[in-house]
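The following block contains the structure, expressed as structure tokens.
Chain IDs A, B, C and D follow the sequence of writing; residue 1 opens each chain.
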Amino acid sequence: MNYRKVGKWGLKISELSLGSWLTFGNQLDLNATRAIVRYAVENGVNFIDTAEAYANGIAESMLGMILKEYRREDLVISTKIFWGGDGPNQKGLSRKHLLEGTWNSLKRLQLDYVDLLYCHRPDPEVPMEEVVWTMDQICRSGLALYWGTSEWSAEEIERAHQVAKELNCMPPIVEQPQYNLIVKERVEKEYAPLYQKYGMGTTTYSPLASGVLSGKYLEGIPQGSRLDRWPWLRKLLEERGIFEEETTRKLKRLKEIADGLGVTMSQLSIAWCLKNPNVSSVILGVSSLDQLKENLKAIEVKEKISDELYKELSEMF
Amino acid sequence: MNYRKVGKWGLKISELSLGSWLTFGNQLDLNATRAIVRYAVENGVNFIDTAEAYANGIAESMLGMILKEYRREDLVISTKIFWGGDGPNQKGLSRKHLLEGTWNSLKRLQLDYVDLLYCHRPDPEVPMEEVVWTMDQICRSGLALYWGTSEWSAEEIERAHQVAKELNCMPPIVEQPQYNLIVKERVEKEYAPLYQKYGMGTTTYSPLASGVLSGKYLEGIPQGSRLDRWPWLRKLLEERGIFEEETTRKLKRLKEIADGLGVTMSQLSIAWCLKNPNVSSVILGVSSLDQLKENLKAIEVKEKISDELYKELSEMF
Amino acid sequence: MNYRKVGKWGLKISELSLGSWLTFGNQLDLNATRAIVRYAVENGVNFIDTAEAYANGIAESMLGMILKEYRREDLVISTKIFWGGDGPNQKGLSRKHLLEGTWNSLKRLQLDYVDLLYCHRPDPEVPMEEVVWTMDQICRSGLALYWGTSEWSAEEIERAHQVAKELNCMPPIVEQPQYNLIVKERVEKEYAPLYQKYGMGTTTYSPLASGVLSGKYLEGIPQGSRLDRWPWLRKLLEERGIFEEETTRKLKRLKEIADGLGVTMSQLSIAWCLKNPNVSSVILGVSSLDQLKENLKAIEVKEKISDELYKELSEMF
Amino acid sequence: MNYRKVGKWGLKISELSLGSWLTFGNQLDLNATRAIVRYAVENGVNFIDTAEAYANGIAESMLGMILKEYRREDLVISTKIFWGGDGPNQKGLSRKHLLEGTWNSLKRLQLDYVDLLYCHRPDPEVPMEEVVWTMDQICRSGLALYWGTSEWSAEEIERAHQVAKELNCMPPIVEQPQYNLIVKERVEKEYAPLYQKYGMGTTTYSPLASGVLSGKYLEGIPQGSRLDRWPWLRKLLEERGIFEEETTRKLKRLKEIADGLGVTMSQLSIAWCLKNPNVSSVILGVSSLDQLKENLKAIEVKEKISDELYKELSEMF
């Protein structure tokens, strides 16, 4: 496993990492999760990502029970605050929710601190100084080592840096955006100036576009798969034209290339993400141990992607 | 129940909220208070206001016992520091009293932190930097999430913001002034520039002018009412001309309008306060569960106030 | 008892206060000390001053045992750090000694915090930024509410304020100098610009010039008196010409005036200190309950000093 | 024993001090270490230096057990963070490793704080603001009293001071470089501007160049000596030409001088280090009690080095 720096900063994370969205506490019970974490860590994964919102806190609670078997320094644990509940002050980036959300996440995780704490979305309703003051306080009091953002616009990230400078606060060091063969605009274009200017790292999620790039939906929606379990996700992809002929044609070409290299579509898609040097880690959201084993092999596939092939893949969707 | 932001800041409070001045520990014993808090919360009130001065700390102590039944994140609890006792250092906004007062209030409230901490009055005897340094320290050490002022002049609030900027401290975000059909100068005129400039919110108290606007004193002073219990309050209102013919005439006109809408004078008066968008929450100081039930209905009355009627009410006193 | 503000700051201290130098743990045992503290507090004294150096920490330890009988908010407790022991890092104002000294003083005092923490002398060997950073840290972490200096030059105090401003730190608010009819240069001349400019307060010690102004040494040195117990103190006074004819003549004139007013020399001398509005409190170092009772009456004597008499006293030595 | 200030700062350390590199937990077991610490402290050594890297933490653990016999204020304890283990985040100066390393070191040392915390090497992979923010946080939260660097270039130290000034953070106060008759460039030339400009102190290690200057390798490598135990050290010295004729000739001249003064080569070499006023303390890395006894006598030898002899020694290698 290779370890990459989070942008210019000192933290080092495995280039493939373990997510928990829709899996821990949903598709995976405690024992299955424990086995997956075990396999990932034994194969060099040191970064595990969760959020207060995942499975209504159960993802964090499961992780909390599992993490006791590991040495804290060996792991980089992140969580994200935004959706903590239904109450008027349990959502968003107010100082009240950021602090209460962090205190509650740490209790569920049974940890003294997380390594990374993300603002899970931007919150236009909260002044940037309120967010920056609070994230800085959380870092300086030792509840988190670094802070970051998730799905913020480049402009919002710029603003956070300006405010941090004005208030003598610690700035965000990392963004967590979606990134895959189909959705790549933000990481490649919108954020382009930020990598150099602020040394920003990225931990990207959804490398398979909710499973679409694995090819598993080419023959319809398998029972128990995400699109079967979560109609809202299916609808979202439908709206993006995922099931139209055009996309199906492209996916078949992707399969052709993968077959030619003797790898799976998933491995090829993940390997393509890894070729981007501005990606600090690709977060895998696996729903079985077999999927994890398959996807971790993407590291070896990376070397098989020639410049020419990289160009074709990058222009495919 | 609607929830409003406290000015531009991220905290959200119910537009009607529960005060404890003269009621908790005075007109209301522990059981009555518990029932009122229960009803308020079940009907969407999330903001409860108290102060170290109310019933010499008993209001806080009662609230502390009652709050154990609720989830902390569901509530916004505020207290205020200024009158903590008779000793030379138990009054005002000195660093000594602000810190000792806060530590003692939190003990009585059995809480780790309050959401809002108010400086209950301005203190011209204490340098503004002493106040701002201390309130900032209280917020950054997690004993309060935000701080505010109560009955400060616009000039004093401006000065607090300047000093906070100079010292890189967190500024106050909210004022707690009196506001009702009779007393409205400060909220509408004096503070006018502050709402935009600093995103200041207000939590207003005394929406019924100590019961006068409920009409209950039109036929004399009922036994057990506030003016019966507290001669100093009666005298204060007398000096304001509340019992003169002119006022009585206006109150009768108010009753006429209320009757015409099929609502009580109290509901109409509170609803009028709610029409002001610079009011974040109207604090109700009820002395019985029935009063609370009556007053909470003011929310529906708000819609019944036409622009024309709003104008008439605003110019009435 | 009158309470005065410490300069422009919010803390209020009794104009007569209780010191512990040479008395607690030396001339006074635990029971005698307890009785003196009791009498002082019952008669309105709210400020008690000690130091890590007094009786090698025993003054603080005694006070710690005694203070348990009082409510913390009713008292203003100060201690001073400089002479903590013989080791190379147990003396002076290094960050190491300031922090270790404070931690140890608080343990002896059995307190969570002192109200005032003094740098007991200037330390030219330590950079001012080291002192200011550390005192600021002690205040912001809640171990002391305010900090001050003792026997620093005006220039050193000025420098502390400059550095505090540069480093965004809390400045000293109070000086503790010697001040009496004989030694008055520093308080009246050297510090003159500081009162206005920084709102500096003073807590003055040695109002009787080690007993000289009480007249007790006019007939020789009584057994058990300070000059009898501490030869170094006797020598110091001898060098200042205290036992020369000139001084004896002046002391006799002082006695004449005191007799004329029907008060003691001590009361007159202390009352003269109280006439200076830049004095926040006069610290009494009594060695018996009777002395305390006598000296506390100085408050009433203050009114008996006419402008003319004040002038004569001020020019006497 | 003389005590020197660490540069311009308030901390005072014995001019000879005790290191633990290659000795505690390696050449010395717990009992031998305990005896050496005892002798050192009884002879005035107040500064003991260790590192998380020494004997993989065992040096710190041993010291932790031994330190319980001493009063904390009598000692100056330093440790260093950089090499904490093999994991991707257990090495270097990332915020994650600095904080986790410090927490773990303090646990092994069984201390609440160290007096000095060193960044054991520069880390070009970590932005200077990340290092400075974190060291400042460690100092302000009371885990370390002061921080320093070890084997940083003058340029890196300059940069740390600039960043500390920009971010209003506490700067490093001390460097720990190698310094002896053979290796002296950095201390004498490269750091020259820093002593005055920043009041930087130095605690220098390897005064005998890994034993070479003791003359013990003149007749080959004794069994159990460092060069016998650690081939990498032997190789390092070989590469520096330590075993070439030229060096041997110089060492024999050194022996001649030492013999002439009636002292050992070690004592003379250490005494030469002490002559440099920019050296705050010379750290001795003794592997036996006898060696400690011998080396501590270097203090008396210092006086025997005339200006002429100092010149000869300084130009010898």
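As a working rule, a residue touches a chain if its C-beta (ideal position, glycine included) is under 8 Å from a C-beta of that chain, and two chains touch if they have at least 3 such contacts.
No experiment lies behind these values; they were computed from the predicted model shown.
Asker: For the sequence-identical pair chain C and chain D, determine the rotation angle of the Cα superposition and round it to the nearest 5 degrees.
Answerer: To map chain C onto chain D, rotate by about 90 degrees.
Asker: Shared interface numbers for chain B and chain C above half of all numbers used, same, or below, different?
Answerer: Counting shared over all numbers used gives less than one half: different.
Asker: Calculate how many whole Å lie between the centre of chain A and the centre of chain B, each centre taken as the average of the chain's C-alpha atoms.
Answerer: Chain centroid spacing, chain A to chain B, equals 44 Å.
Asker: Would you kindly tell me how far, in whole Å, the mean C-alpha position of chain C lies from that of chain A?
Answerer: So the centre of chain A lies 63 Å away from the centre of chain C.
Asker: If I count partner chains per residue in chain C, which residues reach a count of at least 2?
Answerer: If we look for residues of chain C contacting two or more partner chains, we find 168.
Asker: Taking the touch definition from the header, please name the shape of the chain graph: line, ring, star, complete or other.
Answerer: Ring.
Asker: Provide the residue numbers of chain D that touch chain C in the complex, in ascending order.
Answerer: 3, 5, 8-14, 46, 72-74, 76, 115, 140, 142, 145-146, 168, 170, 199
Asker: Looking at the complex, which residues from chain D come into contact with chain A?
Answerer: 84-85, 87-90, 92-97, 99-100, 104, 123, 125-127, 130, 133, 137, 141, 167-168
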